[in-house]
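Chain naming follows the written order as A, B, C, D and E, and within any one chain the residues start at number 1.
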């Protein structure tokens, strides 16, 4: 899964019939210190994530394994909201709360 | 899903038998301000997208989850036409209408 | 799908039993003006493509949706031969015949 | 599969219902000499990997082929803990024990 | 499929139960002149490839289409050993035997 932050939404009225009612969120990929990366994806939300929240998203066929996305033309789904990251690299111990 | 703009079509008479009648569109990937990225893909259209329109496309096995693309050798499908993007990063609130 | 040109073939006598008889083509990825990119893949051919021809190839599980590649350990398939590209970006109208 | 080192964990209370109880580990990708690459993923652990350990992870639909991850919205799974790498490139013979 | 050379093996005693007996090979990606690229993957071998040999590997769900890898958490499989490459780009005709 990839770490990202929800930064906005996509409005679409004309979409595949299976996607009526689906909410498309824009997710910017994050580094481990929550600084933004350049890349972003548009993902369907399965956990009630709001704009500004730090999330994990799954891609590919795994994005269709939630009740909301099953058998739909969706290749990215937000499947968790991040509370915090515990990073322990070698002798450094670091705890980073999601802003 | 990935944000892109339809910039043209691919003509092909010799193709896999399952693809007879399929329309191949050239989609250039976009940044959030609609400026073009360097990369492009060829996608099948499931929503009647026209040249110039801003769209979302899904990739991989998810591209086969529309009526048009089921069980076909297709790895990218346009599944939504974008009306606008609402981007709210930190204290900036921005609304970007699709050109 | 990705735009490419067939630039050669791979000879292999020792291969997975499901691949006996399969023809492996080397496909170099192309830009929209048919100039070559650096990356290439090896793909199975489902449409009788010859060396020098411009083609589309599909990747991942979608590469197994042709009669030739079904249930086989193949992750790239040539599923169309390109006649020409019609590219209309903004006010530029361009038609590019496949060489 | 990709070589990586577990460098931390992700805490998440709000997640897809299928993921209750799943443990998310942060895995940094490694070079063959165990030096870290820039990229990382978040993976579910199927083998009891601890922070600091060198592991292999599988991605995409293959990440759902363990008992723990079956039918779940998970696109990366740790499926092996690495004891050591035997690298023999041309005339160099090198054995690298996992730290 | 991707062109690579087997450059070593991964030793792992603790791995997913479905992977007992599987042999993990380190495969470095190659250019068309057999010079090494920077990237490598760890793949399961389905064709008896040895260290030093030039091979093709398939990725994603296609990597599970061999008898050895079916239903296993494996996302890369060696499915062919390369004898030689015939490369004919434009007016250049080149034959490159696998070293």
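Please note the rule applied: a residue touches a chain if its C-beta (ideal position, glycine included) is under 8 Å from a C-beta of that chain, and two chains touch if they have at least 3 such contacts.
None of these values were measured; they are calculated from a predicted model.
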item	value
Partner chains shared by subunit C and subunit E (touch criterion as defined above)	none
Distance between chain centroids, defined by C-alpha means - subunit A, subunit B (Å)	20
Intercentroid distance (Cα basis), subunit D paired with subunit B, Å	32
Residues of subunit E engaged with two or more neighbouring chains	60-61, 63
Chains in cyclic order, anchored at subunit C, direction fixed by subunit E	C, E, D, A, B
Subunit A to subunit B touching residues, read off their complex	7-19, 24, 26, 28, 40-43, 51-52, 60-61, 63-64, 71-76
Complex contact set, residues of subunit A against subunit D	1-3, 32, 46-48, 56, 58-63, 65-67, 69, 77, 79-90, 94
